[in-house]
Amino acid sequence: MPGKDVKIVGFLCNWCAYAGADMAGMARMEQPAGMRIIRVPCSGRVDPLLVLKAFQEGADGVLVSGCHPGDCHYGSGNYLARRRLELLGRMLPALGIEPERFHYTWVSASEGARWAEIVNTFTEAIKDVDEGS
Amino acid sequence: MLGVFICQCGTNISATVDTGAVAAAAAGMRGVAHAESIQYTCSDPGQAAIGAAVREKRLDRIVIAACSPRMHEATFRRALERAGLNPYMMEMVNIREQCSWIHADTGEATMKAVDLVRKAVARIRAHVPLQGGKTAAVRRALVIGGGIAGIRAALDISAAGIPVTLVEKSPSIGGNMARLDKTFPTLDCSSCILTPLMVEIKQHDHIELMTNAEVDDVRGLVGDFQIDIRRRSTCVDEEKCTGCMICQEKCPAPAPDDFNAGLCQSKAISVAFPQAVPLVASLRKQYCRRFNGGKCRLCQKLCPAGAVDYGQEDEVVSRSFGAVVAATGYGHYDWTGSYPTFGKGLYPDVITSAQYERLLSASGPTGGLIRRPSDGAEPRQVAFVSCVGSRDESAGRPQCCSVGCMYTAKQAILTKEHIPDSQSYIFYIDMRAGGKNYEEFVRRAQTRYGAIFIRGRVGRIFPRRGKLVVMGTDTLAGDQVEIEADLVVLAAGLTAAPGAGELARKLNIACDETGFMAEEHPKLRPVEAAAAGVFLAGACQGPKDIPATVAQAGAAAAKVIGLLSRGELETSPMVSAVNPSRCAGCFKCRDVCPFGAIDKDRLADGLVTARVIESLCRGCGICNAACPPGAISLNGYTDKQLLAELVEVLR
Amino acid sequence: MRFIPEENITALLLRLSENATVWAPQVVRDTVNTVLFAPWREGAEIETGLYSALPVKGLVLPATERLFSFRYHRAGEREKIEIEVDELRERAAVFAARACDAKALVTLDALFLDGSGRSYNDQHYRARRGALTVITLACTSCDSACFCSSFEDGAAATAGSDLIFYPVSGGFLAEAVSATGRELAALDLFQESNLEKPPLAETAKVELARLGQRLLDKFDDIDFWRRTAEGCLSCGYCSYACPACHCFNIFDEMESDRAGGRYRCWDACMFYAYTLESSGHNPRPEAAHRYRNRLAHKFSYFPLNRGEFLCTGCGRCIRGCPAGRDVRDVIKALGAG
Amino acid sequence: MEELIPIIKKALEQVDVVLGWAQSPAAGVAVPAFFHTPAEADAAVFDSTCAHNLAVYLPRLADKKVGIVAKGCDARSIAQLIAEGAVKRSGVFVIGASCPGMIDVKKAWRCFGFGKQVCDAAGKVAMEGKTVAREEILLWKCRGCRDPEPVICDVTVGEASSEAPAPPAEPAGIRKRFAAMTVAERRQFWQDQFSRCIRCYACREACPLCVCRDVCTIQAHEPGWAGAAVDSPQSWMAQLIRVNHLAGRCTGCEECERACPVGIPLMLLLEEQNDVVEELFGYRAGGEAKPPFLTFDIKNDTWDEER
Amino acid sequence: MSTVPRKGIKATKPLVPEPATIIDVIVETPSIRSFRLVFDDPGIMKEFSFAPGQIGLMGIPGVGESTFAISSPPSRRDYIQFSVMKTGFVTSAIHELKAGDAVALRAPLGCGFPVDNWKGKNILIAGGGIGMAPLRSLLLYILDHRHQFGDISVFYGARTPADLCFVGDRAHWEEREDIAFIATIDSGQPGWDGRTGVLPRVMEAGRPPAENTVAVICGPPVMIGYALAALARLGFAEGQIFTTLERKMKCGIGLCGRCNVGSKYVCTDGPVFSLADLGNEI
């Protein structure tokens, strides 16, 4: 089973990404078991410090996902989020964290398949980093 | 003291997650006084078990590991309330959609479930009781779309004494149903049953009708949406126009006839159709000579009522509404791009069923005589092709249009009734006739009306000797079939109405992957959209027939009435709050707040701190993430709660 | 007096390393002039010219130490707490401490090892202090921040040291102060010598006479303290750098759902949070209040309670202050003795 | 720079206090000084050791009218504080000082010991008769200085330096070493660096943009972003909190690094962040605009999702 | 030294608490609860003794400790009571505790009231709000040794009737004829038929004689300020007035530094001080 040892924290917005993950479940799309989802109301709620704290506490990867740009339930949350998170992602190499371990992406409530695919790909990418390839 | 309940959800969860083991693990977690696995936690006995445990073990915090909180969070909050606890002292753990359903290995899924329960146990220690407030709700509803769904919803809402504004994009209400000839399975005349309702709308005291109008901007939230409605300029004063149609008659500029699905021409200034409500003309500037450099002013000169006003401009009307019903209906799939072997729309006698509907209709361009477009001849052999742009993966259209089988059967019957010596051939994939009396209706088309049903897809349509050859496979006989037809009618699939996506964005609601507006829950909240106070009626939520549309419109109306009849709404307590003793007064929160919900507060000692205007706060938590000293936090999603979760899942 | 040739120093440190970690001042790699006491390994260069940024007090009162660990365990329906105190630990030796640092250890000893009832005998401090050997390198030169000569003994202070090295030509004269020091000096790495002790550094002096009273006289002149503290950034460096400051905080940390530890860590009286009460009330809300309390503690309260200043004139708070503050200016501003 | 003293005296006619520098006899360099009266202002100096960014005191004096002697880089901090609303423009009187480039006094102290006079009476770097190559001893930020003239200023003092700003230096020493490290090596590098951190918060207190101060979340009980333990991971997290809160706000004044008593190269983090912010948003803190994480035009957010 | 010396805490492990268990929780007011607890080690419980006015650091390992006055009397051998007002982080966590929950305790700490020096004197007790907690311990001690003291008058004030603690005690104290007990609330409220008016004024109106009397006051700073002024007008000298102070504490043993008032540490020199001890530093 893939992803057994990879611990990933996912911060998912309630309206889109979390619902998308639910959708993947309703469609019984098998996924690696290392993902631990923390529900937040909006990707704009995700303080970059939560991501850094996750790494500090030993996460192998952190994924943030919210509504597609333009679709934010609150209008602008994901616009703010992507600014903060893009900066964070670019800072990671200087902080000594492989940038592959962090990913932010947009998943709508109907994109169950996309969510499953993201979890799979991201888990694999982290495993590649862990193996040093 | 904590109680943990692990739902088996029948076998939905317990098939993959060892719920007993999860309960046993939970029982060992610090502070957990009670842990049990329940077959259906959401059921009455399940909720009763929670209540009993609360009483017996004096529990004050409850963790429920079950399905997605999007499904039953509200259910369990009510259960807590009944058990005498604050409803927010509950945390749900999603071990179904995000665990049992996506993992195969029991050991792994169980381990993950235990992890998730531990996370919730840690989180719930940081929960505090929350109390929602109340806010007045505006007693007025907006219905967007004037088809049968919007009409029904508007009438039903206004019947409860709640004023309604009905907004229709086109010049007349009536929508797709007004274009239909007869309706299955009863073969009622569509106009005969619809027109009285349209008139009722126009005459209703509590209904404000705005045609040629669209939603421009939406602000606010449930109970108090502030919505700007743009009324497009039609160059005709609706108050003055009598619908005499002299302008239309004399107008020299041709324009497509939208009502007749492009089968004939109309004029730049025209009344949408003879039964239109309101019965007024409107001018389409893009076709008008005057607006394209010409000097023509005929309509203005001829109008006996003096209703034509070329200087009329768009008008934006702002209104407050307590609730919104979206009833934007459906659009027709443009098949020409995806079916090159069907002639890409170049053969005039390959038409869509929507066009055929107009040929059948007495109010149509042919006055109810079936005449094929190419030469006006009466067809003898009519081939119907189902599922064009439906149930077709190769066209990227896997979904069923849900009405194609039925209306094709109807059209075959009507063809026979119009032309008794005609022969209809129906290419189908499966006949889907699930409604009341539907199967009998299809059977009648076959037996009494002699329609020949061929199970199989059509591969090619091409002209041969003045006829159209329809080549397909008869999958039952296993043969290639070739039908020579005079007219081919394609049952093109249904799409979301044009512009529905944009409207959904304005309303802050989601669309599903086929572009239709998404309901909150497919079974339990079928008319609620993702944004509170927005409801869905009819085909905007997915293709459906008239009975289903009318039923859903009624349901949406009932929801609106339920919401607005009390006059006030409970507000969510999950809003931000400022701890003034930690506020640095930097107001970054105010800079990022999308709702202007942050104000300045001057404390007794002169310090200036932020304050949340709770009635404006919608609980996004963006301020929380932007506040450097952590003074502002979102109730229910505080840093403390998220950190507790985070630390626990990584232990 | 005993003498150790320069070339034997490495051998001495190696000998000490056999059963203790040897801490010696070293320049931190890639820094301009940061000197810290760090574990010495053979070949490491010892920096005795520049002053270390931090004193040796961390070896007896670490920046963070675990006081005990606790565990919640289930006893029937109830949770019970189990507490366990870790026992120490390895021996340590410090080489090339300065007299001002060593002397401050005696001040700390009085606070943490006093069994008289006036104070408590702190087991954690006791364990570390008992396992520490202090070899002091007497200062024959100083810089302009030093003001140890203001206090009794000045650079010649021997208190707190086990063994004191005086730099002389070719090596160091070694003066044993304690039994441990005498044992060390008896090692074969040392020899007898009749060289004279070199003259020690004579540092700046500040007027300490009646300082405690002078300070109390100004105590209520809050404007004076506001002026005095106005450049102060309210950071904690001076407290952490002070060999005699010993204030600490106590906090808990969970390591799992049921187990965690209680820790003690340095705290600084210049922090706003130091006296902030949970109600939001803060008895020392302004930097001026905190600055006043800091100086009063050092030069008034502590002498009143303990008969000595809580300062040895090491000058670190002057040398390292990010805002260039100089405590001697304040002492001067308090007026003549 | 003798003309400074009369300017401060004049400024004192309209402000409560002027922030400047005075010579510290003990340290041999200039240290921050608060001039309340014209008599006090006689002690004012301005030379190559005035590295401190006095803007740090402005938010603490928000209730007063304050004059401040500011170098070009300091003025950026003042502008940033004004843009963020932490300081009122009308509350500050900026005396822009043309800056010759500041030297790293720690380098002088390492060579000559603490307390030796670093600048001569004319303000030139000179120690015990030796003159030192200016470029050798300049602060990193002064190499390739982008703001020799103050962006915000009410009166200027001194003539613009005839000398061109020293050219940007090639990364040397720790910068060079850091640039060449792998990600894993950097992880270890920071762990080593922060094992020295003593949590004195001099970095925070010396930072003009760390405006939370007393209520800083790093020291707050809750929610506990960084534990109170003085150990490398916790101290590292504590610093990351500061760095994160300075995103799009840091003007690069290097005060945190200068203030750090244990020599942690904090600017490696902040320089990187400032560079990324400038690259992503074309934004450099210290102008009139708010940081790109607070206000931006959402409707016209020209963000390329594919980048 | 006018206060009694401390006893009890292990001299070598002063920072290490002893596990204890809550046996009862009394909801006194919306923001104050009293917790009764016993040490898990019966030996320690048996040995435990203290003087009224002494304090303890009660904590929840994993959350932290906070300082509270012991509000039960020394004669109570079966439990130790602390009355806790919810003000912040630790006290909020303590308020969540129920009977059976585990805590950790360091007690007794500090110096209690010098009751031995007060023998034969009249005692005036004035407590405001949560400040009544140490005074309850003192009052119960005095009632246990009633014959040793002269006249006893007690004033207890709070903002509203709902803010008055110790309901059961109050009824008992009001009934007793050998003490004068007056409860007062700041301003009149329906359903309250007792005294109204802020405590210092009510106390002053009672005109207690200063002669051979010790005044013990405890309460919020504002109340203390007015009460001191009132006592001064009534002729009380500084040496006759005692109070207990509250400061943020971490160690409780005079080392961690933060609780000093001038040169005195509240944790070891106090929390009981006579006004003469404090001088102008209060």
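Letters A, B, C, D and E mark the chains in the order given here, with residues in each chain numbered from 1 onward.
Operating definition for what follows: a contact is a pair of C-beta atoms (placed from the backbone, for glycine too) under 8 Å apart; a residue touches a chain by one contact, two chains touch by 3 or more.
No experiment lies behind these values; they were computed from the predicted model shown.
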### Task
Identify the chain whose mean C-alpha position lies nearest to the mean of all protein C-alpha atoms shown.
A
## Note on the structure
If you tally C-beta contacts across A-D and across B-C, the winner is A-D
### Task
With centres defined as the mean of C-alpha atoms, identify the chain lying farthest from chain A.
E
### Message
On a CA-centroid basis, which chain has its centre farthest from chain C's?
### Response
B
## Note on the structure
Distance in whole angstrom between the CA centres of chain B and chain C is 72
### Task
Could you grab the centroid distance between chain C and chain E? Build each centroid from C-alpha atoms only and quote it in angstrom.
38
### Query
Which integer distance in Å separates the CA centroid of chain A from that of chain C?
47
### Query
Between chain A and chain B, what's the gap in Å when you average each chain's C-alpha atoms?
29
### Sequence positions of chain D contacting 2 or more other chains
213, 220, 222, 225, 293
### Query
Touching two or more other chains, which residues of chain C qualify?
72, 77, 79, 249, 251
### Query
Which positions in chain E touch two or more other chains at once?
64, 89
### In the complex with chain B, residue positions of chain A that touch it
1, 4, 7, 9, 14-16, 18-19, 21-26, 28-31, 33, 35-42, 44-47, 50, 53-54, 57-59, 70-71, 73-77, 80, 84, 108-111, 116
## Note on the structure
Given the complex, residues on chain E that touch chain C span 5, 9, 11-19, 21, 40, 59, 61-66, 87-91, 100-104, 247-248, 250-251, 253-258, 260, 262-263, 280
### Query
In their shared complex, at which residues does chain C touch chain E?
67-68, 70, 72, 77-83, 85, 111-112, 115, 117, 119-124, 126, 220, 246-252, 254, 260, 262, 264, 267, 269, 274-279, 283, 293, 296-297, 300-301, 304-305
### Query
For chain B, which residues count as touching chain A in their complex?
68-71, 94, 96-99, 101-105, 108-109, 111-112, 115-116, 119, 505, 508, 510-513, 518, 530-531, 574, 592, 594-595, 618-622, 624-626, 634, 637, 639, 642-643, 645-647, 649-650
### Message
Touching residues of chain D toward chain C in the complex: what are they?
### Response
24-34, 36, 52, 56-57, 104, 106-107, 109-110, 113-115, 173-174, 177, 196, 198-202, 204-206, 213-214, 219-220, 227-231, 255, 258-259, 261-263, 265
